[in-house]
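Structures follow.
Both complexes shown next keep subunit A, but they swap its partner, so subunit B is in the first and subunit C is in the second.
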Partner chain A sequence: MGKYILHRLIIAVPILIGISILTFFLIRLVPGDTVTAILGTNYDPKLAHKLRSEMGLDQPVILQYLIWIGHVFMGDFGTSSFTGQPVLSALMERLPITLELALLSLVVALIIAIPLGVLAAYKHGTRADYASGTFGMFGISVPNFWLGTLLILIFSLHLHLLPSGGYQPLSKGIGENLRSLLMPVIALGTAVAAVTMRSTRSAMLDVLNEDYIKMAKAKGASNARIIWKHGLRNALVPVMTVVGIQIGYLLGGSVIIEQVFALPGMGRLALQAISNRDYSLLQGTILFVAVTFIMINLIIDVIYGWINPSIRYK
Partner chain B sequence: MLKVWNRYRHNLLAVSGLVFILLLIVIAIFARQIAPHNPYTMSTAARLTGPSSSHWFGTDQFGRDILSRIIYGSRISLQVGIIAVGVSFIVGTVMGVIAGYSGGWVDSLISRITDVLFALPDILLALVIMAILGPSLNNLMLAIGIVYTPIFSRIARGAVLNIRDSLYIEAAYSMGVKKIKILWHHILPNILSPLIVQVTLSFAFAILSEAALSFLGLGVSPDTPSWGIMLSSAKDWMELAWWTAVFPGIAITLAVFSFNSVGDGLRDALDPRTGTGN
Partner chain C sequence: MNDDLLLDVRHLKAYFRSKQRTVKAVDDLSFTLKKGEILGLVGESGCGKSTTTKALLRLIGNQKKEYLEGEAFFEGEDLIKKSDKQMQKIRGNKIGFIAQNPMSSLNPVFTIGNQIAEVPQMHQRAAKNKAWSIALKMLQKVGISDHETRAKQYAHQFSGGMKQRAVIAMALAGNPSLLIADEPTTALDVTIQAQILDLMVKLRDETQAGVLLITHDLGVVAEVCDRVAVMYAGKIVEQAPVDELFHHPQHPYTKGLLASMPKIGSRKKLIPISGHPPNLYEMHGGCLFQERCPFAFDRCKNVEPPLHKIAENHQSACHLSSERMNSF
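Moving on, here comes the complex of A and B:
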């Protein structure tokens, strides 16, 4: 197991280096540099030159990259050129909100999707199966930002039941906190629920055809025992992979959902960085999201290898 | 081919998806003839009027007919789908085939590039590319195309690896057939079916991404009749006029639903072993 984790970590290193190079050079391609953005209409070539040399922007690009990545390694992501706040502290302020949104969406989606997927497989070919199939297809097709908009339209503007946006921190009580996240979680989680339900159904169908299930049936095990103990446990292995892929969707989707519901998370931070041309902030945010994403995938790989030992030896 | 169609036509969702896509194509081609109003014509007298016999889906904040804008919007969605998916299909397949076929350092290099692109959530990567290129329809198609390239590359590489060592490829080699000819005549036709399925599913993603990026203000220019733009401006007016937020969303959902169900149906029809659909 230790060897397997080490192996996965080693694979992650070149990807992390690649991501840092990509982020750094992509941001350098943005028309107009940070200095142009800071000075705005008061652009003065002399002042710009002075600022550039102060910020090290007149150095060769490769050197700039090495300096930047060296600082990143020491936990210094630079400072926002717009607010002057250190990028890392801005990220740390926003991270819990995005994580809470993504995690709640994932948990709610799994709680709904796995039993539904099992039910659809168990009732294979019946109306219930078709209904869940259509729901699943609908769930992966409906745009999350439109679903969010509709929820606001119905539950905030017409029924006045829920706040149309904004985040209530946990310090204001768990009830208020959850109320502020209820609609965002539904909007973001629906697609995850749909994908998970579909993969649970197909994994369950595969498993239910296995010989050991027939064996359990022949030995007179109850239906419930066959499905939950023998069936689902084995079906969950491929479902895990699909859930892992969904993490990327949750991180990306939160950019849009945070915008719809005015939640001050990392996605909104990235959008603000784009509209303010705050490159050091944008660069830091993207690198941070990518690293988070890679780390989560790494954890999933490890769990996956733990559940299914044959993976470790491939 | 007939077998595939026979399996496909028993899938109700997939068939209705196909019918709707054909309808969408007809609507996009004949938008000018079908649309009851000019999608750009503003009218201060008709601002935010609800659905009626003259404006079936109502009007927006500038008095423009929403139905007509949705009809013209189908052109944007299909165009984005065709170009973006075309770019990612061609570039991705070429990358993947080269990687799978040549192996060695070329394969490592291409695979690492796709790994890196995969390590960013797709909408975030598209956002950054749009921030670099600036909002416009062409840039949007390019950005979405870049984002979905690695998927095709990965699928093509996997498919090539699967058949590269088959006997018939070996036989062609030993008979002295040229590499490029083997690629074109033997390898490409045999890896097409997973790629075709991915093309259909990517169409759905492309339509969604266009709408999402336009919704965030980083897609097409604001006066373009695009479904995402319509939803984006509806945010500010929906309290007074629910129809501005409802109908464009239905259009996006239906279009994406159709491409997804066709992709699903094709996957099951082309490979009967994977019974993921209905």
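Moving on, here comes the complex of A and C:
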């Protein structure tokens, strides 16, 4: 297992380099650069030229990239050209917020979706099944920003139950912290719950037709035992794959949700960096998000191997 | 009642209903099984063999579209009248089930030992380590070498024959007095088949459990069974001790089955039974075999022949055999 994880981490390096190349060049394709963003309406060609040479932006793009990636390998992500703050410390401030939002959304979604999917499969063709199917359709079709706005309208503006935005760190108490994340988690997690619920349902339906389920019944196992012990663990195998894919959605969706709920996470940082053409900040942010994605998927793969013993990691 | 009698099935019916039609998969089936006896239930695909086992275990009959009727006295108690909760205590405990397909009958995500140990855990409320030692003992009993290592392995690490041994170990773990084996060797290689059959006979000798062996393979029947019941279209058409049936088959269907079985050393061409089994939802009166029977005559069209005693322990459902009896 240790060997497998090491192997995966080594494979991650070229992936990350590829991602860094893509972001590096794509952001430079966008009209305007850091200097035009800093100077704004006070644009002066002479000053701009001076700033560009100070920042190294007058050098060939490939050279710029090599210098940047060389620094990254040594742990230096540079400084934000807009605020002057080191990129790494900016990222470290923001990363926990996004991670908490994404993981909390994932956990809540799974806790709701998996039992619901199992129930829908067990009671398939009944009202409970149709009700959860309707929830599934709703969750997949509703855009998260719309759901977020709706939640703010109802729970903040009308009922005054929850804050409309802003993040309360854990240091202010876990209750406050969760209160500030409750609506974002619902807005972000609903779609994940819907997709997971549907895949759990179909996986469970397949599993319940398997011979080993009939065998368990012939052994005298109760229905509860058949479903939760013999069925669920098998059904989770395909579900975990779907969950792995959903991680990407969660990290991408957090960009929008952080905007809707004014949460100072990685997503907002990335948006800021794009509109400011803050190259090193954006590159650092994307790289961090990519690392997060790869790490969470690695964790899921390890869980996958634990659920399904016929997968041997070598 | 006979003390040796283990299973007494009387007029068992299992129908599947849909909006348009009713499929009479098992229709008025009666047979008995003694302690320590191996009864072969033979017939071609779709004749209701597997449905019979499912009905006895009450794996069917719980849904609206499944209709179950008749009696099946097992150790004096009628299985058909039991609730699902009561059946849970019988399945795997007093009645062991050996499934048709060992390849897919083991749960891929639990160890073999875990799956066997589950049986005493459920039925005898055995503690974990006690159940585990029972599982080890069962694996040893079914001839799995290095059973302590094997118990910790998963189904995908087992070969086909070993999987079937594991399934048998699972069926035996509750120490059942009745074993129902649904085509236990069909999915296996011929060499492995013989081993599994030997094992079943050996286990029967040790435990004195009654065995209901479902198969379509007459070779298997000849090798292990004490008595045979031949099924056709949901009914038993002939029943006799195994030697009697092979040497003096009475029913034309049994004769047909025997004639279509290859014999070693014989150069004779095999004679197939012409035609197809009847649709189980469009049955008309009379003998169900009449359309394929070379000896069919007028009465076969109108009157369904009852299972008739033609000798001690030998019954046949054919007008011809009953007539021959009467003429004696």
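Operating definition for what follows: the second predicted complex is superposed on the first by the 288 of 314 C-alpha atoms of A that agree within 3 Å, B and C clash if a C-alpha of one lies under 4 Å from a C-alpha of the other, contacts with A are read in each partner's own complex, and residues count from 1 in each chain.
Note that in this section a residue touches a chain if its C-beta (ideal position, glycine included) is under 8 Å from a C-beta of that chain, and two chains touch if they have at least 3 such contacts.
These figures come from a predicted structure and were not determined experimentally.
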| request: After aligning the two structures on subunit A, examine subunit B and subunit C and state clash or fit. | output: fit
| field | Touched subunit A residues, subunit B compared with subunit C | value | B
| said: Just checking: does A:26 make contact with subunit B only, subunit C only, both, or neither of them? Give me first, second, both or neither. | reply: first
| said: Taking the superposition on A as described, I'd like to know which of subunit B and subunit C A:224 touches: first, second, both or neither. | reply: neither
| request: Return first, second, both or neither, reflecting whether A:233 touches subunit B, subunit C, both chains, or no partner chain. | output: second
| query | Angle at subunit A, subunit B to subunit C, CA centres, as a multiple of 10°? | reply | 80
| Touching partner for A:159 - first (subunit B), second (subunit C), both, neither | neither
| field | subunit B versus subunit C as contact partner of A:129, first or second or both or neither | value | first
| request: Report for A:62: first if it touches subunit B alone, second if subunit C alone, otherwise both or neither. | output: neither
| request: Please work out how little space separates the C-alpha atoms of subunit B and subunit C at their nearest point after superposition, in whole Å. | output: 17
| query | Which residues of subunit B touch subunit A in the complex? | reply | 13, 112-113, 115-117, 119-124, 127-129, 131-132, 134, 204, 208, 211-212, 215-216, 218, 231, 234-235, 238-239, 242, 245-246, 249, 252-253, 256-257, 260-261, 264, 274-278
| Can you name the residues of subunit C that touch subunit A in the complex? | 57, 59, 87-93, 97, 99-101, 104-110, 118-119, 122-123, 154, 156, 167, 170, 174
| Mind pulling up the subunit A residues that touch subunit C in the complex? | 210-212, 214-222, 225, 230, 233-234, 237, 307-310
| Which of the residues in subunit A come into contact with subunit B in the complex? | 14-15, 18-19, 22, 26-27, 29-31, 129-130, 133-134, 137-138, 140-143, 145-146, 149-150, 152-153, 157, 198, 201-202, 205, 248-249, 251-253, 255-256, 259-260, 267, 270-271, 274, 282, 286, 289-290, 293-294
